[in-house]
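First chain A sits with chain B, and in the next complex the same chain sits with chain C.
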Partner chain A sequence: MNLSVLLAVLVSFAGIAAFPACAADTVPVEDIVARASRAAFYAGSDGIADVRMTITDARGRQRQREMRILRKDVEEGGEQKFFVYFTRPADVARTVFMVWKHSGRDDDRWLYLPAMDLVRRISATDKRSQFVGSHFVYEDISGRALEADSHELVSAEGDTYLVKNIPLEKKGVEFAWYHVWIDKATFMPVKAEYHDAAGTLLRRITVQERRDVQGHPTVIRSQAEDLRQGGSTLLEFQDVRYDVGLEDDIFEERYLRRPPVQWVK
Partner chain B sequence: MGKVGILGVFCLALLLWAGSAGAGTTLNGFAESAAGARWQGVDTKRDDLVLLESRLQLKAVHYVDGENFWAQKQTMLNFKGDFFADGYFAGKTGFALREANAAFSPVPFADIKAGRQVLTWGTGDLLFINDLFPKDYISFFSGRDDEYLKQPSDAIKTSFFQEWFNTDVVLMRPRANLTPEGDRLSFYDSFSRQISGRAVDRHLVEPPDQLSNLEYALRAYRTLGSNEAALYFFRGFDRNPSSYKNELNRQLYYRRLDAYGASMRGPFLAGIANLEAGWHLSREDDRGDNRLVENSALKAMAGYDRDLGNDFRAGVQYLYEQRLDYTAYSAALLPGDLCFDQRRHLLTQRLTKQFRRQTVTASLFNFWSPSDRDGYLRPALSWQASDRWSLVTGLNIPWGDDLYTEFGQMQRNRSVYFRSRYSF
Partner chain C sequence: MMHKWLEFAVSHPRQVMVALALAVVLALSQAPRMSVDTDPENMLPANSSVRVFDRQMRSDFALNNMLVLGVVNEAHPQGVFNAETLARLHRITARIKEIEGVDAYELLSLSTRDNVVQDGAGAVRFEWLMQEPPATDEEALVILAEARDHPMFRGSIVSDDGRMVSVYIPLLKKSLSYRIAQDVRRIVAQETGPEQYHITGLPVAEDQFGVEMFRQMAVSAPLAGAVIFVLMWLFFRSLALIAAPMIMAVATVIITMGLMIGFGFPVHIMSSMIPIFLMPITILDSVHILSEFSDKYRLFKDRRKAIMHVMGELFVPMLFTSLTSVAGFFSLSFSPIPPVQVFGVFVAIGIALAWLLTMVFIPAYIMLMNEKTFADFGARPSEEPSSGWMDRVLGVFRALVLKRYRLVLVLTALLMALSVYGLTRIQVNDNPVRWFHAGHPIRVADKVLNQHFAGTYEAYLVLEAENKGGELFKEPQMLRYIQGLQSALLDSALVGKTMTLTDLVVKVYDELMGGDKTHARIPDTREAVAQSLLSFENSHKPDDLWHVVTTDYDRLNIWLQLKSGDNKDMARVTAFTARYLLDNPPPAPLQARWAGKTYLNVVWQDNMVMGMIKNFIGSFVIVFFMMLYLFRSPVTALVSMVPLTVTILFIYALLGFVGKDYDMPVAVLSALTLGLSVDFAIHFIQRSMELRKEHADWNSIAEKMFAGPGRAIVRNALVVAIGFLPLMVAPLVPYQTVGFFMFAIMAVSAAATLLIIPALFSWYPVLLEAPAPGGIAGNRGHCLLTAVAAGLSVAYVMWGYDLASWKPTVYVTLAVIVAGAFLCHLVSGKTACRK
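Up next, the complex of A and B:
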């Protein structure tokens, strides 16, 4: 099972604006994307949320994934740890996916399969793979490295910055370039569109609902659409809480095998 | 249904009652039908089938709520059991209790899990050196879900968590592997010197169920950066009936076994690599000169697993096994005894490719031993039709030049199986 993508989606869009609104439209583009990255991925020093993912295929058939996600920042803007505890559907209930997100090297990922009491290590090189079969990919959730793309400010009209991003390394990336719309007030990314070399729109991620949680702008609902083959995934967050005081040791093998009762019940 | 069945139903009722008394209980399960047809049988109960069964698995998890002592100790109750109707054995019905345990933290730096539980550790993929917990190879070779390769243990597992390393201490009742017995799967019978089924005339003598026969399994482990290192110790009994209690009476038994081992796992060349080694000490034949008792052995393996993109993964493993005190072993053999090799090399490959948003999975697991000249091919295709329905079909193709090797003896159990499951 490929759970990696889910994590990424959760984190990137559940984020909080770490920076105050910036009045000038003269902000350098590198600052904009850096602020957007931090705004989207580092709300509070930790966070907890119930996430429901509804995957609709091109023929309209639906599947659902439900999970409790715990996140803790090791350093603001840097390393993070994630604990994803699946509750639905029944065949994956109590499965745990855990990630230590690093900067500058591959993440560490673990998968715990309760039926066999098996802790499995998963390689984390393919960041563009589907997260639990959804239309989100791993990088949507954990964030794409800023150094992976060149950035160009296309426009600063209205409430958003429009940034064009071109990958420096084309290998292993399914798109040629992508646009991201970033809210000027919060630096929260609100829309992303991925194009191929011919300019055809491949995939779109849209934030449909945001809410202020404990002073942090927070994504409550977002959607990823496959515009080539059809199908989409809706991601909904409930009971989002920040700064709940997650202990460091939750992100260890101990709690893979025995879920942290106080946080998952 | 027997005592275990009644116990299981009782546990389930208790959990349901606890669940109705408050939130904190979840109940899941599945209903599954499975059938497996064989190419060619050898005197097994059915020469056309390996599998024909329905099962209902119920699992319940209860978190103890409130202000009481057990809630403060973060107590969790787990139950899992299978009701089954086995068409292979003329519709025999029964209940198999897989889990019935309580897990709690008596002090912040320790966990206890007591009761029937499935236990796994070690780094191999379907290869086990230091994981000496009981397996069910009948399920494995007949086409049941991988979950059933693991048998549960009746155990108390205590885990200590410290700054420098963590320790698991398991105390458990001995439980033998379920190995081919002739009724469902044929195998090489060392008495009749041929692949045999129901005609097998041998007796497996299990260790008596007494306090002095309790087994110990220890693991000390820690992470070193992104790598995981572990040391293992086991004192108990061989899981397989590999030694002779009384040759004339055709009695096989489970010799006493100690095992010392170590493992390492971590990221390597954009994938995950693992190394594991173990020394299996045959306590009743530590010089290796008793022809009736299996010798000590050295085992080591290396594996590498990688995500190749587009939902395609590949893994390879190499296992080396060496029978120790080989000179003493060969000197002790009598004329006519089977003489096993000193060294065994085993390679495995796993390929997994997913399609259609990971709802269709094609996988191939292959065992191949160049030294034993045998192997076992396990292709499978599964389809997650919805969140509730899944279908799986696959092949079991063991083969070998000789009849007495690990996979060669299974060559008359080639089968194609089909399973459909409804999860709730």
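Up next, the complex of A and C:
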């Protein structure tokens, strides 16, 4: 075999090997995750949905909670306000969680407990605490800050981008890194898997059903699974509406006691 | 039949040896199949309702068995709560989490649990109590204050004085506890500092016991064997001669254990004691033979004749001593405790085997010995009559029973009266941690941790709503009722700490309302309870809720910490709770059930004690029946039961007076007492009756009895008693108990046999009369006694195997006795007529 043939072979191999890198170059990974974040958390300028949460523990026992979630974006891809109004079970009905999501500083969170007519701020230095006893953590609901992780495009084959995310600050997170699969067409994240330092799969979030609502790709059913201890939580979204014109003052602390009747029925 | 066997053994000694060697090799080949079971929980059958419930409950509330690591710092003024120690604790916790078999998620430590705190005006915060070790000692004190204020930490994870913290290490499988404890020990050994570390918890105590048990088996059983060997050498002064019982004992133990393993039974705490029990029993028979043989050889000067003569004399008593022991141990198969059943059956098999070997192996061995070995038998000074301390003692005994028999009998009666009083003072109690001697690291850890904490023995009280589906345990009224029960338990001082849903609700409610303790109570409405719990569910570890309540709020688990693992203390707690629930009816109907290791131990102990009492009464009747058959006279049979009764009453009374608890080993030893202490009486009476054929008056019989047979009894007693004394310095308490019991059984039953039976003969010589012609049927009174014994035996079998409940058992027994009496009447009447 002469030298030129060998070179040609090597070059062709190199070309194949370099192909995914080329794809990554066409859409930078930072863009992918930014667009994914918008697709997942910023559809429309506001939104409203009824959510049924089914928590299944490791022994198969189920509990259900129902809530209405109101969301209003302060700036696209930036600050947001959430109002989570519980409707079921009866003994927690009218309980409210309110979140002001900030970028660059800790979120503000409030809790209104109607039985004690009590409004309490909840310090949110830690976003990995569990969301009302489900297998979702706060960050799954409101979105993890893009700048919290370094991102690396692992593959762009088929319909999805696979992005590996490594937290910049190890403190306060239970995982070492996680993969997110992002739909190429809509930039909707469809699956996330969290691993520990040893590579063991700890947690998985799967979007089981999506639908187009008012031109926005929308999650209809999403599941979080605890793969170490067992158990999972299913979120089912109903009556999703965008751009309904939520007023700003709904998200004020004083409104916690008097929920906006027209939005929570 | 005896003669055929004996003829064969004496004429084919080599074949006997080869057969025995083959059997031993076959038994040894089973060794690789051995499996070990050190779990006291297996004292209850796996399908027993309490164990099924315990398993179910552990699964429903996600509760693991736990090891407890205690960290003490006595050197620092702030105790453990200084930056350096907490950094160390943090490091250790992280490393323990990585040990394989540890449930890292459920690990309970300062650094793995959430806290709820005030965070400025109108704000609360859920945060890890100690995610990172504090930088300064001041920060460490803040952690102490927070931890002391949290129901999950106070008294469990952190001691009130802050000198000690603990890490609760949940095990994925209980059987891993010893290995994991060793791993934890390695981890803490790498830390240098003023801290001390202690590891305890029932799983590690039990597993550790298993490990040390095998270590002890390897030391104690051979040591006992060695001491017995030395003693026998002192008596017989012939290595070749005493090698026989030693070989026989070892062969019996190996074959029995091989059989047990071959049948697939695991070696349990109980069955590991089989060698120690078989050793003395095996040696007893052969000591009788050797003792008689060395005496008789001097007369015959021919070993074949001597051995045939000795075996002829000893065949019947040896058959019966073996049978009684077999009966005693076999009765353990009535026990509701599987390992005890296995133990009883295989000791019984071992005894039967030992008897067979005594009949065949010992004569064969003697035939194979060098005739020269016997040459100096006659010249042995200790064998000269009326010389040696043993004969002097026997001389004193003989004088006592012949001249002062009234004194002996009166003293015996007094002693019995005192013993009955002692029996009433016996305390039934056990605690696996106390199976270790006081200085053992496990005991030390247990003591230190229980000094600092609310208790390391866990039990669970599960309350279940009778009407399901209503989320009963969210009702404030019900939660307040449970608080009442909790404070009553604390006030009773039986329990160190209780923790359940109420404590979490109170803590979260108070923090939500401002954290100033003015709201440290159960909120007034069900909604407020539910919303407090919903708040708690926003923490990092909301699953902790599901350790104390099920997700449907129909079942609630109260986690009790006891400072003592003594069964009697646990039994007091259950009794107290039952009474409380009865006196204070709950607002809605509840069912209460117990679980947890401390409770399981109480259950199997109850089974054991009741089972043992049942076995004991039963074997007593069966042994009496055997004596009746042997001596053909109920009165003589009763006499033969006297030393055994005296021995047992005396030993158990001693336990009562000394304050030693009636525990697992003591319970099992009652079977041994029965089997062993009747042996001497059988030998004594049987031989006396043989002598009665040649000698007319009791005085001359006594003279003979206190020579050869008396010496054999004393030798036997000494060999076994002293042989098992080394056990008393073993580091495991059950072995000490066995050592003490062996000593006491031998000493007391030998003394009782050599004093009371001959004293009775002196007092009422008719007792020695040969049975009336016509046997049992010849005497109406004798016949009646027989009928009663038969009736009781039937009752025993029916009761023992739970064939029938009490009432039918009683009826059948009465029927048998009446039928027997009627039969007696007919038979004796006819005999009388014929005369």
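In the analysis below, the second predicted complex is superposed on the first by the 240 of 265 C-alpha atoms of A that agree within 3 Å, B and C clash if a C-alpha of one lies under 4 Å from a C-alpha of the other, contacts with A are read in each partner's own complex, and residues count from 1 in each chain.
Note that a contact is a pair of C-beta atoms (placed from the backbone, for glycine too) under 8 Å apart; a residue touches a chain by one contact, two chains touch by 3 or more.
As the structure is a prediction and not an experimental result, all values here were calculated from the model.
Q: Quick check on the chain A-based superposition: chain B and chain C, clash or fit?
A: These partners clash in the superposed model.
Q: Tell me which partner A:95 touches in the superposition: chain B (first), chain C (second), both or neither.
A: In the superposition, A:95 touches chain C alone.
Q: With the two structures laid over each other on chain A, which partner does A:189 touch: chain B (first), chain C (second), both, or neither?
A: After superposing on A, A:189 lies clear of both chain B and chain C.
Q: In the superposed arrangement, does A:116 touch chain B (first), chain C (second), both or neither?
A: In the superposed model, A:116 contacts both chain B and chain C.
Q: Touch check for A:228: first (chain B), second (chain C), both, or neither?
A: second
Q: Examine A:59 and indicate which partner it touches, taking first as chain B and second as chain C; both and neither are also allowed.
A: A:59: touches chain C, not chain B.
Q: Touch test for A:262: chain B only (first), chain C only (second), both, or neither?
A: After superposing on A, A:262 lies in contact with chain B but is clear of chain C.
Q: Figure out whether A:172 sits in contact with chain B (first) or chain C (second), or with both, or with neither.
A: both
Q: In the overlaid three-chain picture, which partner chain does A:249 touch, first (chain B) or second (chain C), both, or neither?
A: In the superposition, A:249 touches chain B alone.
Q: Under the stated touch criterion, which partner chain does A:129 make contact with: chain B (first), chain C (second), both, or neither?
A: both
Q: Using the superposition described at the top, determine whether chain B or chain C touches more residues of chain A.
A: Ranking chain B and chain C by residues of chain A touched puts B first.
Q: So chain A touches chain B in one structure and chain C in the other; where do those two contact lists coincide?
A: In chain A, positions 57, 61, 63, 89, 91, 115-116, 118-119, 121-123, 125-126, 128-130, 132-133, 172 sit in both the chain B and chain C interfaces.
Q: Show me the residue ranges of chain C that touch chain A in the complex, using the header's touch definition.
A: Touch residues, chain C against chain A: 59-60, 62, 105, 114, 119-120, 122-128, 131-132, 471, 474, 512-513, 523, 525-532, 534-535, 537-540, 542-543, 545-546, 550-552.
Q: Inside the complex, what are the residues of chain B that reach chain A?
A: Against chain A, chain B makes touches at 24, 26, 28-30, 61, 63, 65, 74-76, 103, 111, 113, 117-121, 146-147, 149-150, 159, 161, 166, 221, 226, 228, 265-267, 270-272, 274, 305-311, 354, 356-359, 384, 386-388, 390, 421, 423-424.
Q: So in the complex, the part of chain A that touches chain C is made up of which residues?
A: For chain A paired with chain C, touching residues are 57-59, 61-63, 86, 89, 91-92, 95, 111, 113-116, 118-123, 125-126, 128-133, 171-172, 228-229.
Q: So in the complex, the part of chain A that touches chain B is made up of which residues?
A: Contact set of chain A toward chain B: 1-2, 55, 57, 61, 63-64, 87-91, 93-94, 100, 106, 108, 115-119, 121-126, 128-130, 132-134, 172, 231, 249, 252-254, 258-259, 261-262, 265.
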